[in-house]
Amino acid sequence: MPLLKVCGLTKKFYGITAVNNVSFAVNTGEIVGLIGPNGSGKTTLFNCITRMLIADQGRVLFNGEDISNFKPAQIAQKGLARSFHFIRVFIDLTVRENILVAAQHHQQDNDLEQIFRTKNSRLLDQEILIKADKIINFIGLQGLTNEKAGNLSYGQRKLLSFSMAIIFHPKLVLLDEPAAAVNPTMIKRIGEYIRTLNQQGITFIIVEHNMEFIMGLADRIIALDQGSIIADGLPRDVQHDYRVQEAYFGV
Amino acid sequence: MNKHKFWSICILTGTILALITSCVPQQSIQSEDEKAVDVSIAEEKEPIRIGVAASFSGPIAYVGEGYMMGATLALEELGGKIAGYPIQFYTADNACNPEQATSAIRKLVDVDEVHLILGSGCSSCTLASMPLLEENKVAQITGGSTAPEISEMAGIGGNIWEFRVNASSTVMAEAYAPYIAKNEKSVFFMAFNDDYGRGAVDAIKPLLQAEGVEILGEEYFERGTSDVRPILLKIKEANPSALLLTTTESDAITILRQFKELGLSIKIYGYNSTIVTGLFTEMTPDEPGLNEGILEITWWAQGMTPEMEEAFLSRWGTEASPHRAIYYFIVRYVVKEAIELAAQRGEITRESLRDALNDLSIENTPIGPLEFDDNNQAHHWLPVYTMKDGVVEVIEILKP
Amino acid sequence: MEIFLQYLIAGITNGATYALVALGLTLLVGVARLVNFAHGDFFMLGGYLLVFLFVDKEIPYLLSIVITLIVMLILGLLFERIVVHPTINKTWREQLVATLATSIILSNVAILFWGTTPRLAPTKLSLTILRLGPITISSHRFVVFFVAVISFIALSFFTKNTKIGKAMRAASQNRDACLIYGINVNFVSLVTVTISTMMSGLAGVIITPLYNVSPTVGSVMTLKALTSVVMGGLGNTTGAIISAFILGIVEALFSGYVSSQYQDVASFVIMILILVFRPHGMFGKKVGI
Amino acid sequence: MKAIKENKYSIFLIIGVLLLVSILPLLVNLPFVLHVLISTLMYIGFALSYDIVTGQIGAVSLAHASFFGLGAYVTALIGKAIGAPFWLNIIIATILSIGLAIVMSLPAFRLSDLSFSFATLGLALTVQLVVKNWVKITRGPMCIHNVSNSSLWFNGILEISRTNLIAYFYLFLMVDIVIIILYRLISTGRLGRTLTAVRNDEVLASSVGINIQRYKRLTFFISAGIAGAIGSLWAPYISVVCPDYLSMDYTLNLLAIVFIGGSGSLLGVVGGSILLTVWPELLRVTPAFRLIIYGLFLLIFVTSIPNGVKGIISNVNKRLKIN
């Protein structure tokens, strides 16, 4: 059984088809690259899968469960995390708090327990605090633990948003251009993180324009053009597919 | 950049603080004559402080302004002194809101240490202030609140500190209902959606029904409503023989204009409405005769006191109106006589002023003899009057 | 039937006043994404300026309108520089509070200058009553209707056919893209806010002769204009105008046949229902994230 | 680290100040001053309850006065009918306010941002119109004027006279302390982080698994309940309950307090309440001026001083440390 199965997903804006009858499956443990020229519907596809947008047609199965009618928060709780193209962090929270927020909805206690700080609730707090500090060390932001996220540089925000996506050990992570506008050293580091996490069993779908980065990282590439899948296969094969070349370079 | 911002904030805060402190200085309204008199008299008496708690802001701020016009004029006529005591007014705004009324009374009592309070035109404020009068043992004379509950709660066995000069809506209704019943078969009510309007309708409705007058409907509207045509059309459809209107000058103009626009021809009775006044005529120079033929009942009608009206016009440049006149009468007669009586008996204190008010009996005032009954309610004359050829004509003066 | 017709006419003519006020607001909402809670207060200032010029200084009506518009132009520029510009990049919360603050300031400045007693400014036209069969109507209502229609046409023409109008439309769709393509967003904002303010002032000058002007009239008008704008879909000019008329008619009919006291409840209920079932207004387009 | 420290101190600071305040009535026995103090305490609680929904989660509700007014009417009507002591009034008012909040949230929370504010504005005005025109029950604009005194037990046993200002002072002080503690518990820790996250970025918050609707409702209900409780306590003190209690004026006051003081900050909101309750009392003489200054303050703070009074204080602090 594939981890994620997308069947016939379609989304239209004002008569323009942004995502056109897209179907594909991703197995556990894969790193899948999603490429395509600007406006080919990659981000829309992500938004439809995570229900930030409501698709016109089609179904999404995650772990064998139909998540087409779930709310974004429920989908996240099922273990499907994502990052955003335009980097988003909670600017009024510190780095540590950002990660804690991303981790905490897995706690099994109710609001009243949280308000009145029951023992159970405090234990859970301790637990995620340790986890958060571990991940801060992992991405190397130790020095900035208590800095407001609003004061971070772009690259630091990128790392932060990346770690927010992976904190609660999701089964599948959708990354939207993790390597865009980051310096080469940082790109290398992000690549390493993804690989490490992948070895720990996390599956990735990555939208990326940086061909070198994605070709080196992905096990499989899916190419989109004008909302439809035009190629799906090993990186090398897709790279040389004439339809992909045509889509990118108009050859 | 940051430094610049910091200093600009400092300067701004400083300016605002300066502005505020410039607003704080004392607010006693003292006429210039009064000061002159003060100097000439060698033997200086401790001034008597009178608080005015009324609405000086909010939707009916002009009522408070009108009160001060009347009160100031009366004091000036008295030479700024009563029984040799210089009089000082202290104002406190209650915005016609009971919560603010509490603050206003407390400020007058504690900060200004007034001897006597002239109360508000808003019944809710008067009612909210009554427990405080008892607590601080200070008397209040009210000239505008019409709720019957005030006199029910005041006087012997109740709150002995609250005195009301103007007639309550019940008293006015009792006087007016037979008059309307004599001439009309069916009526429609149109009134402000507040205690003033609703209270007036509640008081007169059962009386008219008892007299056999048919009630065809009642409609309430907010102060300042611009388009009242739907209501007027409803009245047109009901086709009563008379319309009973409870409003004030400015809203009345809007209503009467649209009344005319829709071509209605129903006899209008103003009821606590103050439409038939010189002020109304003054406000509608382009539309002479807008209030022609309207009948009205209040505590005062134009023409009852020509001297005072003239004085008012020359002092303030605008016509007197019932709201403006009532505080003139209160200061000119009730306050004056009360202070004189208290001075005769001895020291002027809050208590002695209350006792004086209680025992007061004024034979001759332009609005009839004034005396407070067991419920601390005065019974002035109620003139019924109309507008004829641009002049107020008193038809009848109902004497209790 | 006759009485129904009269209710309808009362509703339509009242709707025209709402439409006139809503026009300026919908432009502001559409282009600057700014919901101006002080919009009605500029209406009020327009009314008071008319009273000052036309009644106190006895300047002819048309000249008073022109002078008022010039004053409103200056006020609009000031409003943009002092209130709108510093908050344009902040969240809607700051904008909401800033315009509410402006509203508080303006209505109290009016109290300071003119007191709380409502003022009147009747023109010859507003006192002339026309008789059309069973229906009588003040001839000034036609002026209101006429000005509303003309303003609507002028506004549409301006935004569609002039260079600055096109820039305004572009700015309403994508601010960032405008920055890239060299459209001066600052200038566009300045023009938009000023036009909106002037239209609100114009509405005040045109409508005041029919009724009266008081410091509280501003908040009432803001509420009516906002309701129309929300109902029509934020920024949709045609939608706002149609909604304003619907609002006027619904109010008149509801007040005539059901209850005049609950007339406002009717319009709020409609507004909330529309917001819930069509979050982008009756005529608004659905927009994604 | 600094930010956390500052937060930790502020609760002690506030409680210390409150303790200092609590001996004030022994020093000043002028009823007017006590009355101003009581008003200030009332507004502190009221504004804090408003800040839970507006400052913490960032949903600018314009219906807050409705709950306050409902609480006041509960005491005036139900509380009087059954002769309930003040704590029972508080409980009933809280429950009914939450009930009203639940009804309001049905349409309002299907909307976001500005639409939410509009919807709450419309709902608040609707509620006020109903209270104003449902004369049979509420007496409408004639107001309910004989609200019974607060009492500690049923049927007026152990009554607190409304002229006993010192008793009211301590009553409100206690209520305030409870509200401040509740506010702290909500605005810090895990829940506090969640609320800040929702305020900062709803899309991101939902992508990390936060159920935005649920937290918005939670804060809306809590703040409504507190407002109702305060209203139920305020009514016997003022003795008259009018439809004005539900008017936008109250909400605008709160908006000014929260934004001038610094939204989302305990210190800021308390400071704002003190500022905006004490100054109007000093300026009672010139109402129009007072409101203009009020508006100017609001405008200046919103346009140029991002975090309100709180922001200025921390700015000055920083400066002192640097120099």
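Which chain is which? They are A, B, C and D, in the order written, and residues in each are numbered from 1.
Assume contacts are C-beta pairs under 8 Å (C-beta built on N, C-alpha and C of every residue); 3 or more make two chains touch, one makes a residue touch a chain.
On a predicted model such as this, the values are computed, not experimentally measured, just so you know.
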Neighbouring chains shared between chain A and chain C, ordered by label: D
Chain closest to the middle, measuring from C-alpha centroids that were averaged per chain: D
Farthest-lying chain, centroid of Cα atoms versus that of chain C: A
Approximate Å spacing (C-alpha centroids) for the pair chain C, chain D: 33
Chain A and chain B: spacing of chain centres that average the CA atoms, whole Å: 71
CA centroid of chain B to CA centroid of chain D, Å: 34
Geometric centre distance via CA averages, chain D-chain A, whole Å: 41
In chain B, residues with contacts to at least two other chains: 57-58, 61, 193, 220
Per-residue multi-chain contacts in chain A, two or more chains: 52
Shared-contact residues (touching 2 or more other chains) in chain D: 132-133, 203, 288-289, 291, 296, 304
Touch list for chain B against partner chain D, complex: 5-6, 8-9, 12-13, 16, 19-20, 23-24, 27, 56-58, 61, 91-93, 95, 97-99, 102-104, 106-107, 109-111, 123-124, 127-128, 131-132, 134-136, 147, 149, 193-195, 197-199, 202, 220
Of chain D, residues touching chain C in the complex: 58, 60, 107-108, 110-111, 113-115, 117-119, 122-123, 125-126, 129-130, 132-133, 203, 252, 255-256, 259, 288-289, 291-292, 294-296, 298-299, 302-304
Chain A contact footprint on chain D (complex, rising order): 1-4, 182, 185-186, 189-191, 193-194, 196-197, 199-201, 203-212, 218, 264
Complex contact set, residues of chain D against chain B: 30-33, 35-36, 39, 132-133, 135, 140-143, 145, 162-163, 234, 238-242, 244, 249, 279, 281-291, 293, 296-297, 300, 304-305, 312, 315, 319
Complex contacts: residues of chain C adjacent to chain D: 35, 82-83, 86-87, 92-94, 96-98, 100-105, 108-109, 111-112, 223, 226-227, 230, 259, 261-262, 264-265, 268-269, 271-273, 275-276, 279, 289
